[in-house]
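Take a look at the structures listed below.
Next come two complexes built around chain A: one with chain B, the other with chain C.
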Partner chain A sequence: MNTLSIALGTSLATALLACLAGLVMPVKWRTRLAGVLLGLSGAAGVLVGALAVTGMVWRAELPTLLPLAGVSLAADPLSGWFLVIIGAVTAAAGVYAIGYAGRTSHGPGSRTAMAVVPLFTAAMLLVPLAASVTTFLLFWELMAVTSLILVMTEHRHHKAVRPAAIWYAAMTQAGFVTVLIGLSWLAAATGTQAFDGIREAAVSIRPFAAGTIFLLCLLGFASKAGAVPLHPWLPRAHAEAPSHVSALMSAAMVKLGVYGVLRLGFDLLGGGLRWWWLAVAALGALSAVYGIVQAVVATDLKRLLAFSTSENIGLILLGVGFAGMLARSGQPAIGAVAMAAALLHTANHAGFKTLLFFGAGSVQRATGTRDLDKLGGLSHRMRVTTALVAAGALAAAALPPGNGFISEWLLLQALLHQTPNAGTMLAIAAPIGVAVVALTAGVGVAAFVKMVGTGFLARPRSDAAAQAAESPPSMLTAMTGAAAVCAVLAVVPAVTAPALARVINSLQISQTPLSEGLLDLRLSGISSHIAPLWIAVGIIAATTAAAVLARVLGKARRRAIAWDCGDGPLTARMEHTATSYAEPLQRVFDNILEPVADVDVTHSVESQYVIASIQYRQQIPDRIENRIYRPLVAAVQKLGAAAKRLAPGVMHRYLAYMLTALIVVLVAGAIR
Partner chain B sequence: MSAWIAAAGQALLIALLAPIVTGVTRAVRARLEGRAGGRIAQPWRDIRKLLRKPPTSPEGAGVFFSAAPVVLMSTSLLIAATVPFVSTAGIAGSADLIVVVGLLLLGTVALALAGLDTGTAFGGMGSSREMTIAALVEPTLLLAVFALSTRVGTTNLGVIVAAGASDPAAVFTPASLLAFAALAIATLAETARIPVDNPSTHLELTMVHEAMILEYSGRDLALVEWASAMRLAILLGLLANLFAPWGVATGTTWTAVVIAAAVLTVKMCGLATLLAAAEVYAAKLRLFRVPELLAGSFAMALLAVLTSYILA
Partner chain C sequence: MSAQISSQLLNVACGLFLLTAVGVLWRRQVSALITLLTVQGVALAAIAVILAEQHRSAEAATIAIGVGLLKAVVIPWMLRRVHQQLPDARETRPLVNVSTSLLAAAGLTLLAYSAARPLVALAPTASAKATPVGIAVILIGFFLAATRQRAISQIIGLLLVDNGIAAVAFLATGGVPLIVELGVSVDLALAVLVLQILTSHLHTAFGPTDLDELRELHD
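And then the complex of A and B:
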């Protein structure tokens, strides 16, 4: 029994208690008790992760827990890094849920929802600890099923929840099947299902088999991570789930897809070949660009955030892919920097996306809508929420002094500093990578300015937005906590340097990406450096100084009506909405988005030369979904309809099927 | 301590010089158009006059509106203090190019949010257009950074400029020229000049930057105008020092610094004259043609990167 097992035991036990509290407590106390217990469970999870990251060795074999295979768990720095992220998001979500679910017995405060959230977080905590194929698959599936139940929480309240749940269920199960096939194949090829054994025997796998296993699992992991083109479930499930669940899914669960890629590619299969990582980087580039272009035109607040998750996962995968390519091209030092960028971005994204999804939940709770076109004016009535969301948006837009900027800077440094003569593949891939990161950063800024500007500033565009009230203290506390973590990661990112070094070492790239020094972010092998603390201090000090000087030396501010062209007063209908704000960018990306616009002109009854009204409708469908998934779904449905003829309800026919199947199995066995 | 003084001095120099640079563009433009035009120091007088007047906030506008001018000013000052305009040594040459791009964008974002915060049709329109342009300029800027930094192996501006100053021949490579063209177009877009935006227009259909800051008056307007002038000066100074790095001091001796400051002034005014002359002969592009121009500059930046690899 070492500290780690005590911490893990505490975390799982409190999660179980939270689950029980959700089930048996009366409405009055349910969310408070369950929320506090969930928060404690998350905090203990952070402790587990921190211990694992510092290199504490821990493993446990529980052969009796599961028939046939048993459960085996182990902790290493890589799992620790993800455990810290999951634990921290869980802790914040627990606190947030107290206010968000409130004292109601339906929706997010219902018995099922409150009881399943702790199970979901416990399953997430156990996934990175799994040390054998069956254990991994068991917890992976448990995580998928519990999250599916949570997505369906509000299925009585909104029509869109059920299709979202079906999409999620179908995609996550399809992903599970590919991971199942891949890992089973891996276990069969190495003759063991324990990760330790696989690690040792992996060198003996033929490259073709290893490549296919990697691609199969990559499909499953990428669909869990929400990488384009395996993303259609993500904007639906993230948007329709209760907001603390959206935060858990977007900030923690999708990261486990990245964990899967890292564990399999770098650890179990020992690094693989260059083309694997080119495939990962290409997937990342596609996700980043498509995700952010969809995010900038989205008018649903949570859909915008969900597509931004696709974008950030894309950047993370880009970093992972380049880390793999660089490590395989004799540049492990630069590869380590790329990997550090990817890992740091998983933490950064978890921080700001938790904050932003919480903010979206507060908005939804206060106004009952997520439609940015109908919001606006919240900055006057929800001051704290607006300030916190603006801070989160600053980080998400990768602007200095936000934490998103740090990881993007690291990623750019890795791409800029690979040696030009390391081969054609990298010489072409690196500039394209920079172009992708740059384009994503630029469009991302526009997306988040749109989100904050049209959602929170100016005048309210609906009664609901005009009546909004500030969120309860528990929700604000959770958001402040997330913002504080972001701030720490933004000004002293070097605190993560020792942990990053250990994680990257456990990924078999034996290089230290960041050199020592807390205030100055210096990279080993690259002469570029920044001092995030000084940038932040500089911006804040210069801004405060200018503001104070202006206030002291200048005259007092006056209020006046805005310029209304002498034809006032201005109304909220004259403002730019989210749709009109993104219209110029939508035109620029017309070829990618293919928006569908519909104009209805109604003429006056007296004369057809007089127009009574014009209706304009616009939709921006997900093109990848329409082009790939619709035909696929149609084909499956057609196949299902055709298969009906095989089951006409005649008993003889069924007996014949069984007999044939038996003979086939026997023959197959005999031949083998 | 002297490093801090040098940085502060450099920021002060840029702050003092910026309205003059704007004055030069206006004067040159007026002469070429056959007008008498104002004096070169006229922008300074405008700023001084505006600074004395009280700012007004439109009803309903919040803290985002009143904070934007100060944020814009502080980002400009920070860049002016840390970019190697005069000397590549110490804090005055410590900036990272990516950080500079990020800080410029932060200023743009502050103004864009302020434009929306006014709740007027003009503010939203200007803000939307400005962010569209900024979103497309950012990739060009970063790619040009890439092309310039492969030459010296770092994105640290002090090192890049010092490398150019010690070996001017290395600056004239095909990659550098392409990067220069890309950066020049990005500069035009970033500082709201023709053909992307017209700094002297007040016509609804064509306004971008001016629409966004329409509600500002008094001290706020002075800060916005001043900071915008500084951004122009900063970008022109960057272009000058990245592609013509002669005369930049590599130490902090007094004579070198004074000479470098004089050379910088001449270079900036020269570039401002060129800019004004080019503006007279160019027409403003329709807003929806601007992305084509920016795509062109993006392509040039990408070519710059590829040539820097192939000819490396």
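And then the complex of A and C:
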């Protein structure tokens, strides 16, 4: 019994207590107690992860917990890295839920919602600890089911919740089936279902079988991660779930898709072939570009954040893919840097996306809407929230001194410094990767400027936004905590260097990506280095100096009426809305997005030269969804309708089906 | 009783068990079907008694007596009551005619024997060798239920399936625990009771109960 098992036991026990508190406590105390317990559970989870990352060895076999297979758990630095992320997000979500759910007995404060959140986080904590195929699948499915229940929390309040839940249920189950097939095949091919045994026997699997297993599992993991084109559930589920659940899903759950790819590809299958990782990188590149392009034109605040999740998962997968390719092409040192970029970005994204989803939840709670076109003016009434969301947006836009900048810089370094003569594949893929990262960074800035600029600044464009009130202290505390983590990761990212080295070592790339040194981030194998602290200090000093100098030396500020074309006073309706801000970019990406615009011009009755009114409607449908999923859904529905003829209501037919099935099974058994 | 005679008796009982199932397919008169079912119940009880004697188990003997009471006395009595309420319940036009049914029964029995080979190979004792008989009766019961029109034939098909399952349980494992058998038996008696009530209600509502004409059952 070591420290790790005590910490894990504490985490799971407090989660269970939080679940009980959610179930039995009266409304008055429910969210407070459950939230605090959930926060403690998350904190203990961080401790488990931290211990595992420092290399503490731990394993547990519980053969009696499950019939036939038993449960087997083990901790290594890789699982530790993800446990720290999940635990930290859980802790923040617990604190946030206290204020967010409030003292209501429906929606996020309902008995079901408060009781299921701890189960969800506990399942997420156990996924990276699973050390056998059945254990992994069990917790994976538990995580999917509990998150599905949480997505449905507000099904009585909004009509869109139900379709979102159905999309999520269908896609997560389809993904589960492919992972199930893949891992069962892996277990059959190696003759054991324990990860240790698979690791040893993996070399003997034929390359074709190994590749197919990897692709099958990649499908499932990528759909959990929300990578394009397996993403349609993500903008729906993230938007319709309560905001602390959105944060848990976006910051923690989708990361487990990445964990699955890393665990299977690098650890269990021992690194695989180059084309596997090319496929991962291609998937990542597609997600990154498509995700950010959809985010920049989104007008729903949470939908924007959800597509940004797709984008960031894309960048992470891009890093993972290039790490795999580089490690297979004799450049393990550069591969280690790419992997460090991917891992660091998982942590960075978890930090700022938690913050931003919390912010979106505060906005929704205060105004009752997520439509950026109807917001605006929140900076006056929700000062702290606006400042925190702006900090999160800075990080998400990958601008210095945000933490997103560090990991994207690392990724670019890896892509730029690979040896050009390492083969055609890399020589073509690396420049494309650089272009993808550059494009997403650029469009990302526009997306987040739009989010903060049209959502929080200027004047309110609706009564709801004009009457917004600041969130309760618990929500602000949770957001401040997330912002503080982002700040630490932005200013002293080198604190993660020893942990990253151990994680990458456990992924069988035995290279240290970053040299030690607290203030200066030096890459091993590459001559570049960066000093995030000095960048941050420099930027802040320069901005302050500019502001002070402008005050002191500049001309006095002159107040005057803004030019209104002589058409009466300016109203809030004339501001840049989210739609109008994104319009130029929408034109640029017209071929990708294919927006559907509809202009209705009504002429005056007296003269057709006088226009009475113009109506403009625009929709930007998800093109991948329309092209791939609509036909698929239509085909399935057709099949379902056709299958109805199999059930005509005649009892003899049903009995004959049973008999036929029985006979087929028996014949199959007899022939074998 | 020597082991030789015991296994001979077991084979006779199993033969009778299968033969009655085939007889059910052959006869159409409902009273004859009920008689055949009674005989089958007796054969099943005999199998159970012989096995209980082989294992020298008092629990198994109790189960055997209980099964005999249920399958050879209670259920036939309930069926006769249904029959008295519906005197014209003769199977007039089965979906598959009698000679084809008998051929199908032969085929199903062959299938049962070939499919049960791995089971027999596990423990080549006399009782295990007779296991396919139970599987054959299950298949024949299913076949009967799927191809006959009258409600009472369906009940009898269900009872054949249950008898088959019970026989497999006895022959392959030497009998299930008392509590399980008790549960199954009560369940079966209840099912027959429900079907009996349902059949008589169907009769009062629709006249002669020809299930093929009831097509409104789908969703």
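Quick note on the criterion: the second predicted complex is superposed on the first by the 641 of 672 C-alpha atoms of A that agree within 3 Å, B and C clash if a C-alpha of one lies under 4 Å from a C-alpha of the other, contacts with A are read in each partner's own complex, and residues count from 1 in each chain.
Keep this in mind: a contact is a pair of C-beta atoms (placed from the backbone, for glycine too) under 8 Å apart; a residue touches a chain by one contact, two chains touch by 3 or more.
Since this is a predicted model, take the numbers as computed values, not measurements.
Per the definitions stated earlier, placing chain B and chain C onto a shared chain A by superposition produces no clash, and the two fit side by side. Of the two partner chains, chain B is the only one that A:Ala397 touches; chain C does not reach it. By the touch criterion stated above, A:Ala643 is placed in contact with neither chain B nor chain C. Of the two partner chains placed by superposition, only chain B is touched by A:Lys555; chain C is not. Of the two partner chains placed by the overlay, only chain C lies in contact with A:Ala656; chain B stays clear of it. In the superposition on chain A, A:Asp564 contacts chain B only, with no contact to chain C. Centred on chain A, the angle reaching out to chain B and chain C in the chain A superposition, using CA centres, is 160 degrees in steps of 10.
Ranking chain B and chain C by residues of chain A touched puts B first.
Within the superposed three-chain model, A:Gly669 lies in touch with chain C and out of touch with chain B [touch as defined at top].
The superposed arrangement places chain B and chain C with a least CA-CA distance of 56 Å. According to the touch criterion, chain A has no shared surface contacted by chain B in one complex and chain C in the other. Chain A contributes residues 296, 376-377, 379-380, 390, 397-400, 405, 409, 412-413, 415-417, 420-421, 427, 431, 434-435, 437-439, 441-443, 445-446, 449-450, 452-454, 457-459, 526-530, 535, 538-539, 542-543, 545-547, 550, 554-564, 570, 572, 574-576, 580-585, 587-588 to its touches with chain B in the complex. Contact residues of chain B toward chain A in the complex are 51-64, 66-67, 70-71, 73-75, 77-78, 96, 98-99, 102-103, 105-106, 109, 112-113, 115-125, 127-129, 131-132, 134-143, 145-146, 149-150, 153-156, 159, 214-215, 218-219, 223, 287-288, 291, 298, 302, 305-306, 308-309, 312.
Looking at the complex, you find that chain A touches chain C at residues 647-652, 655-656, 658-659, 662-663, 666-667, 669-670. On the side of chain C, the complex with chain A involves touching residues 95, 108, 111-112, 114-115, 117-118, 135, 138-139, 142-143, 145-147, 149, 154, 157, 211-212, 214-219.
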